[in-house]
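The structures considered in this document are given below.
Look for chain A in each of the two complexes below; its partner is chain B in the first and chain C in the second.
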Partner chain A sequence: MTGFLQRPWIWAYLAAAAAFIATMYVSGGQGAGSLAYAALTFAAFAAIVGVGQMFVITLGPGNVDLSIPATMTLAGTLALKFMATDSSLILPGLGIALGVGLICGIVNFALILLLRIPPIIATLAASFLFQSVAIWSNRGLRIKPPAPLADFSTGGLPGLPNLALVAILIAIAAWVLLERGLAGRWILAIGQNARAAQLSGVPVNAVRFGVYVGSAVLAALTGFLLASFSGGANLNMGTEYMLMSIAVVVIGGSSIGGGSSNVPGIWGASLFMFLIVSMLNSYGLGAGVRLILTGCIIVTVVAFASKRSHSA
Partner chain B sequence: MSRHTMLMGAVATFALCAAAPGFADTSGKRIALSNNYAGNSWRQAMLESWDKVAGAAVSDGVVAAADAFTTSENQATEQAAQIQNMILQGYDAIVINAASPTAVNGAVKEACDAGITVVSFDGIVTEPCAWRIAVDFKLMGREQVKFLAAKYPEGGNLLEIRGLAGVFVDDEISAGIHDEVSRSNFKIVGSVHGDWAQDVAQKAVAGILPSLPEITGVVTQGGDGYGTAQAIAATDRPMPTIVMGNRQDELAWWAEQKAANGYETTSLSIAPGVSTLAFWVAQQILDGKEVPHDLTVPFLTIEQDGLEAALETTPMGSVSNVEYNLDDALAVIDPAG
Partner chain C sequence: MTREHLRFMLPILSLSILLVGVFYLQPRAMSYFGLNLLFNLAIPVALATIAQMMIIMVNDIDLSIGTFVSFCACVTATLVQDTPLLGYTVLALAIVGYAAIGAVIHIRGLPAIVVTLGMSFVWAGLAVLLLPSPGGSPPPWLRTLMTMKPPLVPFAIIAACVIAAVTHLFIKRSSFGVLLRGVGGNERALERSGWSIVWLKAAAYGLAGLFGVLAGMALVGLTTSADANIALRYTLLSIAGVILGGGEFTGGRVSPIGAVIGALTLTLAASFLSFLRLSSDWQIGAQGAILILVLAVRLLVSRREGAA
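Right after this comes the complex of A and B.
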């Protein structure tokens, strides 16, 4: 039991469960199923971008991808414009979204490596570029997704939305990569000490390249799914995922300084981030109080999670 | 009476203001649009309307220039610098959609002191020397509740979708809603922030729905009605009456429901073409017309009968729009004066 409690990610799940129970207390127990279903659906978006951001943050201090919202917007906009509600173009449309992610990742890393710009500045600067292309390409018009794609993204098995299924599969793949794969060891090694990793033969730049491209591709996939889910791409659709992607990494118990990460925490934190807002909305609190409480609760959870991981 | 109003009377079939060239009084004048933000479909439509109407006015010789400038970062400091550049460039009038009601007042005052006419709209400025074409946001909230009260005189439960927390517009619309609700049989049982975006509203509504009793109506702020409908449709609840905000996806959904089950609601918002109203007001002031400093933007309301017609003229994925002509501008100016 103590070993279990020492896992840094357990606190995110405990907090999510507490928020769930508190919401159910207001509703008198009704709607538990639909709240859980909604939480799984919306947490899926945060979980996918969170996994990408986690790998970037693992690379060590200063590494963070701030271009996630713009990449999401650009991928969603271009893919939905290309498909133009035609069902036969869904797979090429997905290809376009992932291709946009690939290009965005390459641009990010090119700025970081070739121009030696710090990642925070580089990804922020690139995001202006991506956002401008998105505005220019479609002038903010919302084009509907093809019907089968909309049905897929809003549908699901009983109790398990399709989106959650996709996000869980991605999380499992990320877990295998991080915990069992050689690449995962390399990423952790770079985050712990980049110089030592390089001297011991880790291909540092190749790994960093892969991580930034991976983050952008996952952001692009999220943008594609979110646009399909909500009936079209918005120019400002990714805005909340800038902080959300970082928050789920930290609340999930990964070290913000890099070098120590875990995947299960991403899902716990994503569920928590949705449920905390639902809980505070259900209690009818004003926006000011809600934001203050959200901040306090996040600080508390992070404090617990980091304390445990240090003592472990 | 200025010269062109006489001309207007002479041309009996005066339908398009752009069709009447030769307004000698302003043909040498240059007007600039200072816009603080372009990152959503409403602002994009606003800029397009400006290009269309002001561009036509330029080619017809009504004014010499009507250039649009947008700041990249939605910052008041950046917009103040932009206004100072416009002063140096010698524009005769500056039309502003401001990032802040007070933060660009200094630059606006400088423009006034340089003899430049300043007309603010939508995002207005409080500097007294400028003209204001303001939106009565409180009334926008009231109108929604009035519509629902007429439809459900016995009252019921309402869900309120708010905008972006901490923004003046959100507080005003919400105040209007709550004020009117207190005089009706309705009760607001839940309130979430949808940030005027369909995906954010969808998420927020999905989160609060399980804890709510049955809902009769949903009051919104525009840009959030479709997301709300999606979130409710994903549950087994009966669909409440959701007041829409003139977005094409909202109208398309409403038309679909209307065809399927006779769904009834209303839709109201400010047309992005309000930029063209501001253009004509600026042109009239340059022309020497006495214009009161505080004007109000008319709402663009879409009702059950006009739905199909409105949907047809709204571009896919955009927002319902009207462009104003000189007659419309005079109609807004005169009842106020």
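Right after this comes the complex of A and C.
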């Protein structure tokens, strides 16, 4: 039992469960099923971008992908525009979204490699470009997703939304990659000591390239799904995922300094981030108080999570 | 010419080239009125950039400065206007709060990027509480100050020079500035020689808070009203401004004059497009492109330096 409690990701799930119970306490136990269903749906978006951001952060200090919101917006916008509500174009549309992610990732890494600037500023500068292209192509139009795609993204099995299924599969793949795959070992090795990793023959730049492209592709996929889920792309759709993607990594028990990461925590933290907002909603608080409490809770949880990593 | 000189010249050069471009496209901009119009909105951006620079100087990064400036703008447009005593007290407390965040980040060894992201929710929430819908008005003295028309040189230019000069003297020339930069340069050495890193970090964050407050006030003085989202873009703009001005993310290597010039360049990049008759859709893109361009030139320069 003590071994179980020492898992870095257990706290995220405990916090999520506490938020769930606190919400249920207000409603008197009403709607537990629908709350869980909604939590799984919305946590799926945070979990997919979180997995991408986690791999980036694992690479070590200074590695953060700030272009996730812009990549999401651009991929969602271009894919929905291309499909133009035509059901037969769904697969090519998904291809367009993933292609956008691929290009964004390549641009990000090209800036990091060629300009030798910290990734945080490279992804920031690139995100300005991505956002601009999105604004230009969007033109304030809101194009609906094709009906089957909208049905898929809002539907699901009883108790398990399709989106959550997709996100869980991605998380499992990421877990296998990180814990069992050679690439995962390489990523962790670079995060712990890039120089040592290079000297021991790890193809550092190839791994970093893969990680940044992977993060952008996952962000693009999230943008595609989010736009389909919410009935169209809009220019602010990615905004909250800047914080979200970083917060779920840290709250999930991964080290912000890199070199130590875990995938299960991403899901726990994603559920927590949604449940905390619905808990505050259920107390009938105004938008202002809700924001303040969300911020305070995030800072407190991060302070708590960091304390554990110090004592460990 | 040493590397330091080049580092200093590059921001000036990029601003000059952009300015020449604007003048070429629109000669009428080369006037008292034109210059004031071009650079007016750069004043709050420059102040926010200096705030960000204080944080970057101690090797942290502040992702909450945009919401903080919005919050300060809301306080200025409501409380300071209606009940000045309470208003100024709240602004002072906000600065103390910023310093406290810096201290907590250091004491608990927290990642600044996450704590400030979390704090951005807090500032946004406070701003929404104060001003649920756009409105408010600036105190008359602030409006008078920001719309001042001094002879010969437009107010925006004078303000930018004053901000640059004051922060340059403080950060680059005072002994306290050396200590602050030392936190970014070699924290352990400072600690071993008996300085309290907690207090120095708190001071750096407090200074960031102070300049954030000034940015919020300047913004309200210019726009005459505030809303809770008025300065959200300042977070990314301020980081870009610091880097554009020759600052580095680590090692306490920052340049206050460069940061102000960086902020002016980014503001000018946005208006440059309208002179090219390009759609304003590309505004953000132009700022990103200029950032990339300047960083590329900087790399070329330092490479040649390395080869020579």
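Basically, the second predicted complex is superposed on the first by the 297 of 312 C-alpha atoms of A that agree within 3 Å, B and C clash if a C-alpha of one lies under 4 Å from a C-alpha of the other, contacts with A are read in each partner's own complex, and residues count from 1 in each chain.
Here is the rule we use: a contact is a pair of C-beta atoms (placed from the backbone, for glycine too) under 8 Å apart; a residue touches a chain by one contact, two chains touch by 3 or more.
Note that the structure is predicted; figures quoted are calculated from it, not measured.
When both complexes are overlaid on chain A, chain B and chain C end up clashing with each other. Once the two complexes are laid over each other on the shared chain, residue contacts for A:247 go to chain C alone; chain B is not touched. Touch criterion met: A:232 reaches chain B, while chain C stays clear of it. In the superposition on chain A, contact of A:131 is made with both chain B and chain C.
In the superposed model, A:284 lies in contact with chain B only, and not with chain C. When the two structures are aligned on the shared chain, A:120 is found in touch with chain C, with no touch to chain B. Of the two partner chains placed by superposition, only chain B is touched by A:34; chain C is not.
Here chain C runs into chain B after the superposition, and of 112-120, 184-192, 220-228 or 292-300 the stretch doing so is 220-228. On chain A, the surface touched by chain B in one complex and the surface touched by chain C in the other have residues 128, 131, 135, 287-288, 291 in common. Within the complex formed with chain C, the residues of chain A that make contact are 62, 64, 66, 111, 114-118, 120-121, 124-129, 131-133, 135-136, 242-243, 246-247, 250, 256-257, 286-296, 298-299, 302-303, 306-307, 310. Per the touch definition, chain A reaches chain B in the complex via residues 23-24, 26-27, 30-32, 34-35, 38-39, 41-42, 128, 131, 135, 139-144, 154, 226, 229-232, 234-237, 239-240, 274-275, 277-278, 281-282, 284, 287-288, 291. Listed in rising order, the residues of chain B touching chain A in the complex are 38-45, 48, 72, 162, 165-166, 190-193, 195, 197-200, 202-204, 206-212, 226-227, 230-231, 234-235, 247-249, 315-318. For chain C in complex with chain A, the residues that touch the partner chain are 61, 63, 104, 108-111, 113-115, 117-130, 132, 236, 239-240, 243, 249-250, 279, 281-289, 291-292, 295-296, 299.
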